[in-house]
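Below, subunit A partners subunit B and then partners subunit C, in two separate complexes.
Coming up: the complex of A and B.
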């Protein structure tokens, strides 16, 4: 593998890595003929980010001969290479990433002014492909805004705020800080920002909905978008389905997929649907083990709609939406029962590159996949 | 009980924000007393806070375009709220370029001060940011604790040296000792002294001037016969003084202190629309 990024793209590459560092501890690198994918996921599998850099992003792009090469490394070591953005801008002319397969090292060489060469040899671990299953096109709500709008909005919330709630109606968007329902919450300061739909470049909301997701992880994308001046698109459905934030231009595409809080009261109304499974049916302990084999087995034996069932899944979301509208009123009545909220983990088709699994849009599947440390062992399975 | 107020002028908003920021640097919780003409931020001296007390008075009409108040009753037309000034500071921080800021007393899951700022936006409809700050309503029977402090019968009253200078002196002295002696006389001289086993340091200020308290100032009659060179002093916890000097965001038109020998250091900052008084008790 040998790729060279030059000029301003070096800074873009650095910013991408810094953004990914806000998500997880490890950077997953997957160079294929289509381009270079840089990905990261958080330990609870509730946030995933992916930067796809097309060959045109690079001055020169040569994918490794072994098409199934994938590796991961601690993101801090890669960040150290691209440490100071301002000095990168000033002095680095070229950045070359090469794979040294015999020594199992990824070599990043920064060609700086005055003939200075900074070479970093990073060790990596082989790993499986990391790809969350999501489908932007099937999302019923789409917003697009200039990054300046998002940054200005987020400014009103304290940097320490974890979770934020986004509510949409036919002509307005509200952003509120999310407070857990416990004794302290009634004394917490509540902040709400209301934006009109006119402030968005694109505003396509099919129904009123309200989702809660982690703001911290979003800030990583905001930093990247602001410096690139590219508009940010948000794709989302009802609570429980992940929200997808996307920044695209001709040579790169960034996707941040964040899980949203799902309320138990929602799942109780949807016992009939295949796409939502109440927690009780899937004891989390099955997925806490690091053994990827058992994870695989669980997937195969569960009620996964196979390719032939795909046509039947669209009707389900419609039921979900009808329920969610009435849920808002019901929730107040259910106040005495504290909802057992949890973030749905994103479904990962990360075990085997079986095309049929990865193409399915079962993002609302509730799966708790722990941080797997034994990924190396699954190469043989 | 009803309270609604509105600020539309950017200058007034900035000024109000700076006052709130100053108060928030001095204490985590204080009482906001609202009357028809004034707002007061009050901290009453308690052992827990090291005995310091604060009285910050704002003339309402110089800040607010609209101000409506209905107190607890007709004969007690005031409202006392316990607030966290830091929350108010945070809410005001991002509203500095707002077209208008409205403050209201509301009831959400608990009594709140709701701040709604109308921000400029890219569209015809403004962006509205609303902050709900939880507050506690203080019952009338406790109002006595938060009354206006009496001017102490001071021994010496003197204008302070330039605050920047005073702050940097106090900052450096803090590294050497926990206690600072402030002494001054009626000849415009002030000394800041620290003394430890190893070292003693004194900074002398001259020609500061003494405020001319008139007959209505509460000077003790003995004061008129006070030897001008005689120093009155108090020994205070240096951190309290430093905290006061560090948090200042309101540039006072007049800054002075009153010393009651061995008992209290009373600092007064005066500005056209706002006055701030801070009482630091002496330590033995």
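Coming up: the complex of A and C.
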């Protein structure tokens, strides 16, 4: 793999990496035909971010000869390469990323003014593809705003605020800090902002709804969007469904997918709806053992089908479910890739104790008994 | 002015008197070598030399020439003593180190000789402070025996580009490796840290490179912890000369301009960490 970014795009690349560092500890690098994907996910799997840079973003883009190459590395090491944004802007003329697969090293070379050359050889680990499947188009509510609006709005909330609540009606948007139910609400400081639909570039709300998500992770995207001056689009449905924040231009696309609190954390709510059950994911990512009262994204990263995986063509059955959806239905399969490539699904909301890998289970949510090899099962209430 | 409060007999007792209208012209340069508590002062007709050492492997010297001082009187060929540098700096900045233009601390530094404390008269805005700092027997500074005839490689760089490199150095690396060569990579700083290695290459024809005299390829490693204090001197300087000799000893010489635009020098000597096979 060999790609070269020049001029202002070096700073964009750096900002993307700094943004991703707000999400997770590791940077996943996945060169694909239609560009380079930089991704990260947080430890509780409730936030996922992906920057897709098209070949046009680069002055030169050469995908790796091995199509299935993916790697991950501690994001701090990559951040160190792009440490000072101001000096990047001032002195870096070109940034070259090359893969040295024999030595398992990723080489990032910065060509700077005055002939100075900075070469960083970073070690990486091979890894699974990190991919969340989500479908913006199927979301019923869409907002689009200039980054300045979002930045100015979140400015009113303290940096320590974890969760923020976004409520929409037909002509207004409210942002409030989210206070835990068990906290003494008479003592907590409540902040509420109301924005009219006119403040938004695009305002398409199909139904009144209120979602709560993590603000800290959103800030990562805001920083990027503000510096690139690109509008931010928000796609969401009802509570429990993920909110997808998207920033796009002709050569790059950034998607931040954040889980939202479901209004009823009891899973019975989800039993009724055709919701997600986690497909098996690789053993180390045993999200099943996490405490999952909604607010979790179950990620599936299925490599080549192993013994615990049933090779499925998930897109199809999930799409069926989509159509037969009940209110909470949300996760969609974005069948952009052929099934034999890594397919990952992103499930939001409470994870049912019916982990199964087969299509049949997907279709019949009422079946609670698991026939999968997943070790843990969350309890249904 | 403190001078007026002293009697003539007091003045006669001093073997060294050095005065500055702006104490920062001394304190700033001393901060560039203040990585240890104790400093050896050696004053001669030429001026003041202050030395700080670390573990017999690193030595830093600050040179403040006689003509930097508004008053410089020395009654012996050489006057030497050792003081606690941290305490001295605290005294020099006792008025808080305000950076308001036009307001500065005036200094008169006096020394009676062996066994006497170092006396500082500091004045700012009409307020006078007198500090007496105990002195110790000066240790003999290490002679690194670094002479120009043994120098194999020498470069002079503008500090700005090195400042950037030093600020980005991977601190998880135990060593800083310096490669100097008449051919590629010419001048290279390398680190070997937890996430991988990094190299900073300065080509010989870079416009940041003022002088490039490398006779043969040399690669030496120095403990990062020893060189880290030199970044203070780098930050103050506008030019730096990097020299290595046949033993791999490193000499860094920094050209520092003080508040009044006068030139002072700071130099660092460092022993190499280990034998490295020459490439």
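Please note the rule applied: the second predicted complex is superposed on the first by the 265 of 381 C-alpha atoms of A that agree within 3 Å, B and C clash if a C-alpha of one lies under 4 Å from a C-alpha of the other, contacts with A are read in each partner's own complex, and residues count from 1 in each chain.
Here is the rule we go by: a contact is a pair of C-beta atoms (placed from the backbone, for glycine too) under 8 Å apart; a residue touches a chain by one contact, two chains touch by 3 or more.
Just so you know, these numbers come straight off a predicted model, no measurement behind them.
**Q** Looking at the combined model built on subunit A, do subunit B and subunit C fit side by side or clash?
**A** Result for subunit B and subunit C: fit.
**Q** Should A:137 be classified as contacting the first partner (subunit B), the second (subunit C), both, or neither?
**A** neither
**Q** Taking the superposition on A as described, I'd like to know which of subunit B and subunit C A:198 touches: first, second, both or neither.
**A** The first partner, subunit B, only.
**Q** Tell me which partner A:102 touches in the superposition: subunit B (first), subunit C (second), both or neither.
**A** A:102 sits against neither subunit B nor subunit C.
**Q** For A:123 in the superposed arrangement: first (subunit B), second (subunit C), both or neither?
**A** So A:123 only meets subunit C here.
**Q** What is the contact status of A:91 with respect to subunit B (first) and subunit C (second): first, second, both, or neither?
**A** After superposition on chain A, A:91 lies in contact with subunit C alone.
**Q** Give me, in Å and rounded to a whole number, the least C-alpha distance separating subunit B from subunit C in the superposition.
**A** Between subunit B and subunit C, the minimum C-alpha distance equals 7 Å.
**Q** Can you list the residues of subunit A that meet both subunit B and subunit C?
**A** none
**Q** Touching residues of subunit B toward subunit A in the complex: what are they?
**A** Those residues of subunit B that touch subunit A are 87, 90-91, 94, 108-110, 121-125, 127-134.
**Q** Of all residues in subunit A, which touch subunit C in the complex?
**A** Of all residues in subunit A, those touching subunit C are 73-74, 76-77, 80-81, 83-84, 87, 91, 105, 114-123.
**Q** Which residues of subunit A touch subunit B in their complex?
**A** Interface residues on subunit A, with respect to subunit B: 149, 155-156, 158, 186-196, 198-199.
**Q** Under the stated contact criterion, what part of subunit C meets subunit A in this complex?
**A** 161, 164-165, 167-168, 170, 194-203, 205-208
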